[in-house]
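Same chain, two partners: chain A is paired with chain B first, then with chain C.
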Partner chain A sequence: MIVLEYAISGLLFGATYSLVAIGFTLIFGVLNRFNIAHGATLMVSAFAGATISILLGGADSYLVLILAFVGSVIAGAIVGLLVRLVAFVPLRNAAALSPFVTSAAVALILEELFLHLTQQVPIYSVEVTEFPSPLENLAFFVGDLYIRGAYLVIFVVALVIMALLHWWLNHTKSGLAIRAVEENPDVAWLLGINGHRVEIMVFAAASAIAGAAGCLIGVAYGSVSPFLGSNLLLVSFVVLVLAGIGSVRGAMICGLFVGVIETVTAGTISSETKEAVLFIILFAVLVIRPQGIFAGAASTRD
Partner chain B sequence: MIEIRNLVAGYGANPVLRNVDLEIRQGELVSVIGPNGAGKTTLLRTISGLVRPSSGEVTMDGQDLTRLNPDEIVALGVVHVPEGRMVLTRMTVKENLMIGAFKRSDNGAVKRDLDRAMGMFPILGERIGQMAGTLSGGEQQMLAIARGLMGAPRLLMLDEPSLGIAPIIVSNIFKVIKEIQAAGVTILMVEQNATKALAAADRAYALDLGSVTASGPADALLKDERVRQAYLGL
Partner chain C sequence: MAYLTALFEISGLNILLALSVFATLMVGQFSLAQVGFWSIGAFVSAMLTTMYGFPLFPALMISGVLCAIIGIALGYPCLRIKGIYLTLATVAFAEVVRVFFSNLHHQVEIDGRMVGPAGALGFRGVEVIAAWPEIYAVVIVVIGMFFWIERSRIGLSANAIREDETAAAAMGINVVLVKVSMFAFGAAVAGIGGGLYATFSSFVLASNFSFHLALISIFYVAVGGMYRFYGPIVGAVLLTSLPEVFRFAADYRMILYGVVVLVVVAVFPRGIVDEILFRLAERRERMRVRNAESQSSAGHTTVVRNES
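Let's look at the complex of A and B:
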């Protein structure tokens, strides 16, 4: 029974991994470049949400929680666009790995900046800054199963975001343009699609999704820290390699899967083992199916 | 319509095109023939804005094209169907056609053009919901041309429309290209298959090592002894 409880928690929380990984894979799909600052974008957005919640007394107001969420999403989009401007635009014609380095540098700068801020700004705390929310102590039982309210909210919000993204990519003109640039940037230009505008759109959307994930994770943990993003980036790497890079649907499913594995391992063995188990699975998948589980599905993009 | 003067363009330090002069008049079908590496594709990529020339002029009805982005050039009605078909394999045939009209907002006319494209290539109508990647090479070439037409081109540029396609389908494609011209679209075609390209064209240019080596009415070039030896292998 307890294992089932862990599995459900993991599944629900894993939706945040899906969100992080989807944003990362979207940017990779369009630019063919890794945005290492994606995790830092999430961290900054989580701080933005936490700040709103602290300042407005969000411990028992759902309205403040919604404001914090919106704040995180907007902060994510803004940070993402700045990351693009600083780490990607100047290196458009440089070697493919150059933005890997510059975006990693941006991530380090943001982490150091927030480490510094947590020491200076009175409402932040040095180790972990509180993210007050009315979901903190919400919980209920389904039969004998204990389910945290925060996890359920996370799951539902994440599913809504993923559904919207799916609809956007497959049923709108701008979504069609994004998929065209993903497959062949030169041809997209020849069809009259401005590749730079698509880049801006995708960076804003992917980073806004990271912002949403940052808020949800902050609410679930009840706190944020400057290194929140780097841990999540590592997990989303695992998600992406499992899914096959470029597969949005695969990233959704594998995020949930990784959530389950992590939580069940942490609950039944120990929380130190969870990364080890994750990487053993990663290793096994790479040996058996190096292109990723969903690499074939990526080509149909349904 | 299109006026090209002293065009120098390429990648890095070595120009692929050296002082190319070329003219396309309204309603013409102009062919550019020449061997692999002559600079034919670079010529089209420069007109469509994917390659920025290092010097020289490309103008359309007097307007400078060299400073515009490719999407702006498409909006002016210059549509480039690239070599190797380059259909979007992970999209359906319908999506490929609709994305060809990306720059247009006249929905009624887009719908009419969609019907017209399927009338021209009935096989595309049959495969409308299929992923473009599942089409044969010839079908993909038809899709690429139809997609180009969806952009409502004034000038349609075709890069090697016969490359890697069964001869029987090549004849069919050339027939459609003539139909497109008859419908009032100006065409610039680049081809290694010089005999077919010259037979279809009004005028032609022979390109070698980035320079124009011969030009004139297509039937005159077909009879030109130098051209016959160098490009037709006769």
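Let's look at the complex of A and C:
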């Protein structure tokens, strides 16, 4: 029974992993490069949401929570575009390693910056800064099963975001352009698709989704910290490999799956083994089926 | 003076870390696993010297060989994986090693107190037996090996594989052998470096060898240079002394550090050493072409004159 409870909360919380991994995979699909600063983007936007919530007294107002969410999303998009400008634009023709390093450097800068802000700005706390929300004490019971209200809310919000994204990618003209660039940038260029505009669109959208995830995770934990992003980055690596790099639909499903595995291992064995289990799965999938479980055409590019 | 000595010693250790990353990069494999090998080397050497009374160099040899064997075991299945997937596999390896050592409890009683790795608390009180003479003896030997490898068949094969794997295989190069041996060599260097780190710093904590350190180790190579072995050396020394140069910025020096890495990689995409070498070679080539042109045009006029 307790395992089922863990599994359900893992499934609900896993939706945020899906969001993080989707953003990561979208950027990889278009640029064919890893954006290591994706986790830092999430962290900054989570802080933006927390700031709004603290300043406006968000402990018992749903309106402030919505404002904080919107703030996070906007902050995510802005930070994402800045990351692109600083780490990716100057290195368009360089080797694959260079944007990896520059985006990692941006992540380092943002982490250090917020480490200092948390020490110096009075509304933040040094280790973990509180993210007040009215969802804190919300809970539901389905029969005997206890379900945290915050988890249910983030699951629903995440599903809505994913549905919107799915619609955007598959049923609009700009979504078609993004898929075309993912498939083959050169042919897309020949067909008159402005690759730079697609890049900007994807960075803004992916980072806005990361911002939304940051806000949801902050609400679920009840707190944010400067190292929020780097842990989530590693988890999203696992989601990515399971799904097959570049597969958006796979990332949606595998995020939930990773959430379940993580919570169940943490609950039944120990919280230290959960990372080891995830990475052993990652390793096994890479060796046995390198293209991922949901392999798409995009993942065959190297 | 003691402060400068410490900086010198840490630079030496970071040179070893950077060179171990570079060893796998020589065959075009971008590995974040070196931190994992560094961690294995640190714990094994610390346990051998402090708990079982081994002298320093035999303990380092054992760590190096052990890491090389693990490197072969890891490198072999990883050969199926290419590019970014390989990088992720190496991240996974390093993380699993980190979790393993954060949960390792193995203590023995020496002189009335418990010594050994104590899970998340790390391994305190490792016997300090390495200082700059030991560190730089190892650094010089490793640099000598890179010097030799660069000129040997295996180094040339590695370069060929990095440029074009299929073409290299078509030339009769044993791609699997070269890749796995460079991977094992890099692992051994990391293992020995980790051993030196443990016996130099007296305290080993598994959570210090995290993804963060893996990124820093990549910075050394990216800033220094990725094609010749002295690039990573320059990068490691430069980035190790950088936080000390920025001492005036107090708490903000790590931010400046990140900015410097960002700017250097944007300005020198090949890394400082290789970009300079590349530009020099380019200029030499231009000069050669210009000389050849002026000579040929001179020859042309003489021909004309002869005809007239």
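As a working rule, the second predicted complex is superposed on the first by the 295 of 302 C-alpha atoms of A that agree within 3 Å, B and C clash if a C-alpha of one lies under 4 Å from a C-alpha of the other, contacts with A are read in each partner's own complex, and residues count from 1 in each chain.
What we mean here is this: a contact is a pair of C-beta atoms (placed from the backbone, for glycine too) under 8 Å apart; a residue touches a chain by one contact, two chains touch by 3 or more.
Worth saying up front: this structure is predicted, and the values here are computed from it rather than measured.
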Superposition on chain A - do chain B and chain C clash or fit: fit
Touching partner for A:Ala87 - first (chain B), second (chain C), both, neither: second
Chain B, chain C and vertex chain A (Cα centres) - angle in steps of 10°: 80
First, second, both or neither for A:Thr273, with chain B first and chain C second: second
First (chain B), second (chain C), both or neither touched by A:Leu191: first
Partner chain in contact with A:Ser61 - chain B first, chain C second, else both or neither: neither
Touched partner set for A:Ala180, first chain B, second chain C, both or neither: first
Winner by number of chain A residues touched, once chain B and chain C are compared: C
Partner chain in contact with A:Val106 - chain B first, chain C second, else both or neither: second
Shortest span in Å between Cα atoms of chain B and of chain C, once chain A is used as the common reference: 10
Chain B residues touching chain A - in the complex, by the definition given at the top: 48-50, 69-71, 74-75, 79-80, 82, 86, 88-91, 95, 98-100, 102-103, 131, 133, 147, 151
Chain A to chain C touching residues, read off their complex: 28, 34, 36, 86-87, 90-91, 94-98, 100-102, 104-109, 112-113, 116, 119, 230, 233-234, 237-238, 240-241, 245, 272-273, 275-276, 279-280, 282-283, 286-287, 290, 302
Chain A-facing residues of chain C, complex: 30, 77-78, 80-85, 87-89, 91-93, 95-96, 99-100, 102-103, 120, 211-212, 215, 218-219, 222, 226, 251-252, 254-255, 257-259, 261-262, 265-266, 269-270
Residue ranges of chain A in contact with chain B within the complex: 173, 176-177, 179-180, 183-184, 186-187, 189-194, 299-301
